Structures are given as C-alpha cells and as structure tokens.
Amino acid sequence: MKNTFGIALTLTIFGESHGEYIGAVLDGLAPGIKIDREYINARLAERRPSGKISTARVEADEYIIASGEFEGYTTGAPLTVLIPNTNKKSKDYSTLKTTPRPSHADYTAECKYHGFQDYRGGGHFSGRITAALVAAGAILRSALISKGIKIGSHIVELHGASDRRFEDYERDIDSLLGKSFPTLTDSAEENMRREAEKAAAMGDSVGGILETAIIGVPAGVGEPWFDTLESMLAHALFSVPAVKGVEFGAGFAFADMYGSEANDPFTIKDGGVVTVTNNNGGINGGITNGMPILLSTVIKPTPSIFKEQATVDLTEGKNTVLKLEGRHDPCIIHRARAVVDAMCAIVIADMLTARFGTDYLASGDKK
Amino acid sequence: MKNTFGIALTLTIFGESHGEYIGAVLDGLAPGIKIDREYINARLAERRPSGKISTARVEADEYIIASGEFEGYTTGAPLTVLIPNTNKKSKDYSTLKTTPRPSHADYTAECKYHGFQDYRGGGHFSGRITAALVAAGAILRSALISKGIKIGSHIVELHGASDRRFEDYERDIDSLLGKSFPTLTDSAEENMRREAEKAAAMGDSVGGILETAIIGVPAGVGEPWFDTLESMLAHALFSVPAVKGVEFGAGFAFADMYGSEANDPFTIKDGGVVTVTNNNGGINGGITNGMPILLSTVIKPTPSIFKEQATVDLTEGKNTVLKLEGRHDPCIIHRARAVVDAMCAIVIADMLTARFGTDYLASGDKK
Amino acid sequence: MKNTFGIALTLTIFGESHGEYIGAVLDGLAPGIKIDREYINARLAERRPSGKISTARVEADEYIIASGEFEGYTTGAPLTVLIPNTNKKSKDYSTLKTTPRPSHADYTAECKYHGFQDYRGGGHFSGRITAALVAAGAILRSALISKGIKIGSHIVELHGASDRRFEDYERDIDSLLGKSFPTLTDSAEENMRREAEKAAAMGDSVGGILETAIIGVPAGVGEPWFDTLESMLAHALFSVPAVKGVEFGAGFAFADMYGSEANDPFTIKDGGVVTVTNNNGGINGGITNGMPILLSTVIKPTPSIFKEQATVDLTEGKNTVLKLEGRHDPCIIHRARAVVDAMCAIVIADMLTARFGTDYLASGDKK
Amino acid sequence: MKNTFGIALTLTIFGESHGEYIGAVLDGLAPGIKIDREYINARLAERRPSGKISTARVEADEYIIASGEFEGYTTGAPLTVLIPNTNKKSKDYSTLKTTPRPSHADYTAECKYHGFQDYRGGGHFSGRITAALVAAGAILRSALISKGIKIGSHIVELHGASDRRFEDYERDIDSLLGKSFPTLTDSAEENMRREAEKAAAMGDSVGGILETAIIGVPAGVGEPWFDTLESMLAHALFSVPAVKGVEFGAGFAFADMYGSEANDPFTIKDGGVVTVTNNNGGINGGITNGMPILLSTVIKPTPSIFKEQATVDLTEGKNTVLKLEGRHDPCIIHRARAVVDAMCAIVIADMLTARFGTDYLASGDKK
C-alpha cells in the first residue's frame, strides 16, 4: 500500500523535501484521545538537528493539525498533521539528478520515476518527511502511556563506541525523554559524540545501532502469520531511511547459542507468568508474552558525505566524480531515534486497535 | 491481514500440524505460468528432514494442486496447494497445553486463543505448515527463472562454524540447488554438521544465519514508503518461525563503518550503471538498483529441546519442570532455507506484478 | 485484493467448477466459536438445486473443515472449508471457449486470461464455487445469532410476480429458514414458480430481486468513508455472480420522494432511540443506527439459456450461433439467496470484529 | 481501510466541514502525468453550489497541490490536494449534537464517536469534503482522457421529471462537460429545476438518479471475485454521502426480463468483438467486455430540510421537534455528479494500474 501502513490504524505520509507541505494522516484513531501539544513538541525537538554533528538546515517544524481534532481531543475522523517547508534552498541540489550520490536514492528514483521525481533535497526520500510522522507518533505515544505502555530508544553502538543495554526498563526509558543525543550513560554520549565529530571533521559520516524497549504491552498481541509483531515492526522500521537491519532480543547472537541458553524459562512472579531471561525480546511465535519488547535497528552512515566520490553522469553515460556541497548531516542516528520511537508507537497502537477494537486507545474522558 | 500477505500477488496459508490439511493459496498469478512438478518436488525435498540432525517425523509431502491449474499452466484464478497431514502422533503433545515450552508459542497461543488453539504439535505455529508455502514459492521461482531472476540461500554461520560469503553469484546460487544441507564449501558443511550433531547428542539445539542472494531483479522495483523492498522482504521473513533478525547488505556491520567505506560507488560497465561494491545489498531508498539483492536471516535455536527446563503449570499457577519426549528437530536451519527461498520468491514476484502488471510473470507460451 | 475480502475478518475463496476442490478460508475468526454442522448443512441445502427450475447437476456438497477447528470450536487460526468436485461432465463445455455465451463470462475470461482459463463449466466464474462460501458464512451466521443478530432474504420480485415486504422482522426471517424457494407468502411462491417454470419450458431463464433484512446489529458500526456499511455490503454482493444492482432502504424509490417523506423521524421507545419509519434501511452516513438493515439485490436472468443465440467464433473472427446443451439453471435466485445471506453474514461479522476486537464473536464457552 | 480506498492507486481523504483543511492524497500515481489546472478548476466548478437550488455557502475551493507535483507533472510520490475551509459559520450548528437531524449522520456519529465528533456542519460527514476528492479525480480524468477513456454523468430522473438515456456516448459525454445542471436535453433541465425549486420553496428537498457512462476501457479489466469492477465502483460510490443504490446496465429492470431479452448477443464489428445490445453495462463476470460501462446511482433527498421534524433530545432522552435554520442544499444531485464522476475516475485508474502496472497512466512525455 505504498505510503499507507497499518491494519486497523493506518498512517499515510506525503511530502517532498522542497514541496509545499509534508504531512501525515492517522486514520482509525479512537475518538477521545487527548492531544498534548507540549508532548508533541518535545518529540519533535528530539528529531531536530542540533550541534556540530547535524545539518545546518534547521526548521521550526511548526505543525498544523488540519483535521481530526476538536476541542483538544481526537474526533475519530482522520487526523492530519501538516508541516510547511520553510527553509528551502533548491539551488544546492541541482546536479544530483544527473550525477547520483552513491548509496543515496538519487539513482533508484531516476530508475523508478523516469526523471519526473522531485530530486531537490532528496524529494520524497528525504529524512525531512519523517517530521510529520514523529508528530503523529507522539499523539499515539501519549495515548499508549495512558494504557501503561512506554517506548524508548538509545544509541547502543556508534563506530566502535558503545552504551550499556537496558536494565531497569522503566527508569531507563524515562531517562531518555528529551535527550537530544540519547544514551543511557554519559560516557557513551561523550565517546559517541567524539566519533561523530571526528567523522564530520573529515567530511565523512557515521551510523550506529539503536536499541529500543517497549514495556507494558499485554500478552497475546500479534499474529502467527504473516502479521507477527516482529513482521509489523520490521516492515515499519525498514521504511525509515538508512535502516538496514532489525533484530529482536538476542537477534543475530542467536546464531552461536544453544537452545538451552537461548530459551527463556517461565516462572511465576506476583501471581503472573514471566520469563527469567528475555532473549526472545518479549515475542514468541509472533505474539507478545508480556515481557518487554526488545529490538535493535541499525542505521547506516548517511550517504551524503563531503569527500570526493566516484559516480556516473547519467546523461552522458560515463564515469565522473562527485564533490557535495551544501547542508548534510554527518550523523543522523540521534535524530533517527525519534522516528524509530514514533514508528514503534504506530505499530503497537495499530496492533492493539486490531486486537481490542477501535475504542481501545480512548482516554476514558467523557463528553 | 494475518494469514494473507502481498500486494498484487497474495499468499494465504492455513493449516495446523495435526489437522486434516495444510495449504496455501496464491492469488493474483499471471495466467500461463508453466507448472513444473519436478521443480516443485525438488524444492519440497530441500525442506524435508534428513539424517541425524532432523526430526524422525518424515512425511511424503504429497501435494494436490486443488485449483488454479489447467492443462499444465496457471489459469489466473487462485492456485491452491493442499498437503494432507498423514503422520500424526497426537499423544506426544498432550501436556504442552498446561506446561508451555520455554520460548515456543505454547504460552502466547494460550494468551491469544484462550485455550481453543489446536496445541497438538504446535498447531498453526508448527513449521509443518511451511511445506505448502514452499510448494507455492516453487511455482513462482520457476516463473522468475524464466525472467532471469534466481534466488539462493546458504548457511553462513552455525554455532561458531562459518561458510564463505557469496562471490560468483550465479554459479554459487546454482551450486546450492538440491543440497539438503546448503553451504558453499564442503568444509563449512562438515564443521556445521558436527556442531549440530554435538548439540543433538546433548539433547540440545542450534540455530544459525542464512545468507540469501537474489539476482536479475531490474532496477526501479520497491517503494520509498512503506513498502520498501526491504520492508516487504522483512515482513515476510519475520513471519517464518524462529527468525529473529534480518539485515540487508552489510547490515549491522554498518554501525562501525564510515560513510566513505559504506557507500557503493557507481561506475559504467557494459554500457549500464553498476556499483563497484555492494554494501547496500542492491537496494537504495527501498528500491532496487539492479545489483544482487543480499540479505541475512538469523534462525534461533529450536526451542523444543530434550534437556530439562524450568517452566510453569498454567492450570495450577506454579513453577514446574518440563522434560520433552517425542520428535523434535535439533537443527532446522538447513530446512528453513527452503522456506526463506520461497518467501523471497513470493515477495519478488509480488513486487514485480505490482510494478509491471498482472501478466508480467506469464511464460509467454500461447494457447 | 481479488479473491480475498474483508478488513479484520477475511474470506478467501478458490476453485473452479471442474477442478479438484472448491474452498473458502476464513481468517481473523475469534477462537471459541462453536461449529454447528447441522446448521451448516441446512444452509448448504438452501443453496442446492431442486425441482424443475434447477440444473440437473446435483452434488452432495460434502465438505471438509480442513483447518481451524479443534474439538468442535474455532481455534482462531484460519478455518478452511473444502468441497470436492465430484459430479463433473467436462465434455458438455468444450465449445464455449471459442463461441462465448452472450452475457456470460466466457468472453471476458478469454480477454483477461488469454486462453489459459479453465473454461469447463464456467471455471472460477461458476456459481459452483459459492458452495464453500455458504458453508463459511453459516459458521459466522450461527456466531451472529448468539449475539442476537439474524439475517434473512426472500424473493420479492420475479418476472412480474411479487411477494410482500418484510413486516414483523424476526418472525419473517425465522419463517424463511430452510425453505428451498424463499418467499414470505405461499401465493408469491406459487406465482413465481409458475413464471420460472414457464421460462424453463421455453428454454429461457428468469432473474428477480431478493430483499434482505439484518436485525440486531448495534448502532455505531460502519465508517463514513470509504468503508461505509453500504460500501462493504455492496462490494461483497456485487461479486456474487449475476448481481447487477444493490439498494438500501427505499433505494431507487428515493428519486421521487421529498426529503420530508424520505427522512425517518427519531422517537424514544423503551428508553432507546428508534426511527418511526426505516426508509434509510438502518444506515445513516454509512453507520448503523440500530434499526433493521434493509437491502435489495437484483439477480439477472441466468445467461445460459437453451434458445439459439447470436455470438461469435473467436478463432475465426466471424459471427455464428450458439445452441446450448447440457445442464443449466433456468432460475437461480432461490439458490442465490443462500449466497446473499452468507455474504451479509461475512460483512457484518467483519465489521463487528473491526469495531469491537478479535474476541467479539467468541461463544463465551470456556476451555 | 476506512478513509483510504483502492488497490494499486489509493485515495486517502481527510477533513471536516469546519476544520482547518480538507484534503485528499492520491498514492500510486504514475510519474509523468501532466497536471492541467484549468481542467481541475472546471471540474471543481461543476461541484460548486449555484442558483436557487443550492446552499448559500459558496467557497472558492482554492486548492493547493501540497506534494507530488514538480514542474507541472506528477512525481510518482503521493499527490496531496489541500483546500482551506474559509467560509465557516459554526454557530449555525450548535444544537445538532443533542437533537439529531432525521436521516442525517448526527445520531450515528454520536453512537460511533461518543460525543467527540466535530458536529459542526456535519464534520467529516459533510459533503464539503468531496471537494478535494473532485480535484484529485480531475487529475486522473485528464490522464484517462489521454488513454481514450471518458466519463460522464447526467441526471436521468428527479422527482418525476426525467431525461433521455445515453445514446451517442462520446458526443453525449462531451456535451455534459461544464454544465452546472447536467442533463442531456434542455427540457429535462427545465423540468427538473422546476421540481427542485418547488421543493426549495416548501422548505423541502429532492434527490434523483444519475446515469453514468464510461467509454474506452479495454476488455479484460476487473476480477471475478471479490474485486469485480462492479464491486469496486459500488464500494466507492456507496461512500459518497446520500447514495442509496447502484445498478449496472439494466439493473433492477433485469427482474422482469427473460434471459433471451437480457443477454447481449456478440457480433463482429470492424474486426473486433462487440455486443449488439448493452444490458450488462459493459461488464460480464466482473470484467469489462470493451463496451461502454453503464451505471446508475440514486441520490436520496438531502436530509437537512427546513420543515419541522420529529426527533429526540439525546441529553434528556425525550421526544422533541427540530426546525433547521442556516444554509442547506434543497438539491445536491447536480453537484453530486462531479463526485460520482471523480469516484469513477479513481476506480478505473486504479483497476488499470493494477492490471497494467504503475507506469500505465503516464502521459508519455519525456524528461
């Protein structure tokens, strides 16, 4: 379904980096979800570029809720977030149409859209259009919080520097809120920033790995085929620009474990069933078991670097070199975190709506 | 959409390990695809248990094409593969309903289906139901071959033992056809089998990583949002039982690379655009660039092991231990390969049909 | 989605008139719906040909529930109904491929499937494949009954003969159960049968109009756009072979009414809101208002008649005449009623599941 | 999928009568469709209120193409049409929340949205939001014209007054372009306007029937199950406010015909296969046969009338009367015609895209 995703609660996105508006439509929302603008603004702030390791293009991300809100609550009709594109400098990008950036979408866009794509600033492939998505996700995240469900992501690895894993889930998740460079430890932030700045200084870029925890999702959510919770989360995450891998729980480390090490034994705790370990990241057979959902997402280094690169001239059909100018992020993983959190919120909200009906996420307030 | 997956070409699966039939329905097929029973049988053989590292339950996988075939070709109406369940021993499983196997779907099935699930042999969660899917995928794989598209997977890692990566794609892919334990080198097979047999002897199990290559897909296939080719492949693969991670190209290794190392420079070769390296696994911005599509899938160790495990008694709400008997695979990765190949074929065939129309995969034969 | 329909609860159908099996897969079912074989058999009997106005091809419609049932209840996994095709006489149909029956699907199938379609007995276009659908619908209808929801259809018009409209809904609906020629009055049946027999005697055929009532659906079900309850019902009904029109409430008669006549005034009755009249057929703005849902479906005369007809020879590209032999129904509306009832059940069950969650239709029995 | 509709080419709509914006997103568009603003404006003009038989609320329908257009062509990314709501008078509507208008969506909205709906001016149920849809449809209609496909609708019946049926399809369709009250004959317009004005003078309203013809669609488009062309068109049309019936070809008149009268004989004309009559409205077995597609849509009288009506007070749970003031259309069928044309364009464009691939509707211009 291309630019629409979800089963019971769907997200449609639109927009291009240098078009009039970028936007997102949430459909299938429960009526009566409270809209918390402060919370939305805080999530947008987490996505905004900041400091030496980000693009110089800073936009206010002033958004309009163009539909679906009335007197501070969702109406149940589609909720639309619009963000105008204000800080556009089209002239920076004019050569990218014929000399595609290696590993960016310039060339594949040309193959798919036959030259009609809006190539300015990456067009529809730009990370820019994730801003509306983050605002939409924030509305769902605050609804989820009222159901006891929290989501948080931190950078667990960045070019050799690493952070500790989640331990005390709720406290760790809460500690990440509002951080512009999300790590669980200060030393990790320091080491990672140093790596990113080093790359920036060389005109190069870095990627990294985000570790995400989602707590409070009840057991029994997800499907065995094909809409396993892992499938739905991965589908959403792999559409985020630069994501090249997703794993749940122990993930690729399972390859070197025995079953007896990998299995999470069940035990009774406070009258309920829990697992002693959580190698499976809270999901068995595609369905939640009530434990924290754990996943990792790898973000590749941003392809727009300032170093000279070999590429081709598509018009002349011959080899050439590309030396980028303009505004590009040497590091986006700290900003991508806001997008990953938003996508997770959308998937979890969707799966809960499909499971428990369209009123499930309502705030419980009366009218 | 739960047990139906795909955009233009959809796969619906049904069945339980100990029910009457398992089956798969392919809908949206081009009319005029030749049905090659020998090729289907060969793919089913790759999925069948064999030797010391597999379950003792061997079934003939006799399938019926119940609809959608006429005079040796697809009709364009839904094609249904049915496989009767013949070798059922229900008594082995009777305790699993109350004492769930750690990290299997027994407990989450109970949470979702409230006791009504067919718990015998894993029911709808059983790897058994992938047999119909492999047959369905084989029909598409032979259609893809006629378009110059080939798919192959090998075990690249298994409990410390490893195989070399793909090099000469077409030859490597061809060399894997028909192997019951797919590796690119004999020494890898030997080392991996030894690891698996060691685990089996201990009553334990192993997992591993499959590396998959898909060659011949034209540039320009996939969507920027949300149905990137990576999203669609990951969605399909994460519904295969035991898959816990999927990565494309360099995948998680991107975390420690610079952009200048990660980017794949373009160059002109034989008049066409290719990339010098292929760290991005043939996909930029969610869309194919014409290079081989490369992905890796991690399979966790099978959770059904013979070692004693801590679990709970759901009826009494207290801790207990579980000692499995019966027939269980200590290693399934060599069998899972047939399923991964089939899922990839289904996704590629779907994306091509969506892109180029419903007649695209027809054989070109006349009637 | 072609042969799959539904939002939360989906129906997939497959099969051809002369293939191995016809079948239907229901996915998204609540676990714990009781399977009542007697009720299913009774609904299948309503669809079976009988008497002078039906085809001579009578099949037992012996069905297998191939998956999704365990110990008499739905499991929550896909439920598959299979019906083998036993009474096949392929030789009757061999000329239809080149000389298409006027207003049947022979010609359009040729245009779409380029000669690969299974043309025997109408193939995938045959009314035959509605048998599995009726069985699937019956499972949902008995689940709906346990929620107080009943569905019934009668022939309200047939070549000039007419029946009275629904009056006492529940009693009228109940009176139709099990009738092989469903009318609310005996005189209507007599007059309609006479018309149908007259057509049959001439080698001709008749159609007619079915009026359907659905009672007990709570207010608030359906969507304003695009999945209005009318849209979903019409989508389903227009896929039933021979349906050429669907209207709700006063339907086409609205064209000659004033708003003041057409509007249904609200009033309080037994503490609840009801309407005094029901011209809108229980739906306003695409959403149920709690009143009976009323709709009419027109069935065109069966195109397979024994009279000589002008057609073309597709091979030679010239005009010719067609004189059918073999087994054809001169009247199918009494049989189509079982299909219309089933499709309505599927849509209502789907919309309730989407609205109230995937456990809504469970029987409430414990396990 | 609620506010998103379509298979390969989808339409998402959003907005409420008194919100910030109404809008529509077209996704799955071919790149390279020329955007003809003059043509779009002409279609919007056909939907705008005019004269004595329309609401006094006139809006300029100034639209913005917020995404998906670049240098005068579609980019292939989602195309978004935004229309600001400028002429809002909220105070007119304040009592409708507690005293619902008979046969409007006020009551069902309350049942579904529990009081959180934006009840001003009908909110998301308002005919207002069809404006964006008409603009989106216009883009597709001009693309279809370049493929030789034309769509036109006229009022064939309005409270006893009637127009002739389509005869010379192309000339008739062309004659309707730009008419604010679309009929094929001047006398029909005169008679119908008189009926509508009479109703308006009484504070009442009228409905009517639109007859639509679609010419130039190639044979072989549509599916046997469930996405017959009739199903898809009906699904789309039944979501248009006030539509209560849809029929194809002879429609409900089939009920009184014999098969020998109803069937459309085939004949060879100019080397191609055509039918002599067109009772089936160009569709057999759900698939186009190449003849003009003919359908009729009944529009009920607008429920907002100025006559006093019986209703209920939802707050107090007792009977009351409602006397509307403000701005309401006594007749909308001439305006609904623009919406019906647009929905048909969207469905035909979607089915062609699904059939022939995502580049099919491109203009053929080069870049």
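Letters are used for the chains, namely A, B, C and D, taken in the order the chains are written, and counting of residues starts over at 1 for each.
Keep this in mind: contacts are C-beta pairs under 8 Å (C-beta built on N, C-alpha and C of every residue); 3 or more make two chains touch, one makes a residue touch a chain.
Quantities reported herein were computed from a predicted structural model and do not represent experimental measurements.
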Please tell me whether A-B or B-D has the greater number of C-beta pairs in contact. A-B
Measuring centre to centre with C-alpha atoms, which chain is farthest from chain D? B
Distance from the mean Cα position of chain B to that of chain A, given in whole angstrom: 27
Centroid distance [mean C-alpha coordinates] between chain D and chain B, Å: 45
So which stretches of chain B touch two or more other chains? 1-4, 7, 13, 77, 112, 124, 224
Chain D residues within the chain C interface of the complex: 1-5, 7, 11, 13, 100-105, 107-109, 111-112, 124-125, 129, 157-160, 199, 202, 204-209, 219-228, 230-232, 234-236, 238-239, 241, 243-252, 254-268, 271, 273, 275-276, 279-281, 283-290, 296, 298-305, 307, 309-312, 314, 317-319, 330
Can you check the complex and tell me which residues of chain D touch chain B? 7-8, 77, 224, 354-358, 360
Would you pull the chain C residues touching chain B in the complex into a rising list? 1-4, 10, 12-16, 19-23, 25, 27-28, 31-32, 64-70, 73-80, 82, 112-118, 123-124, 359, 362, 366-367
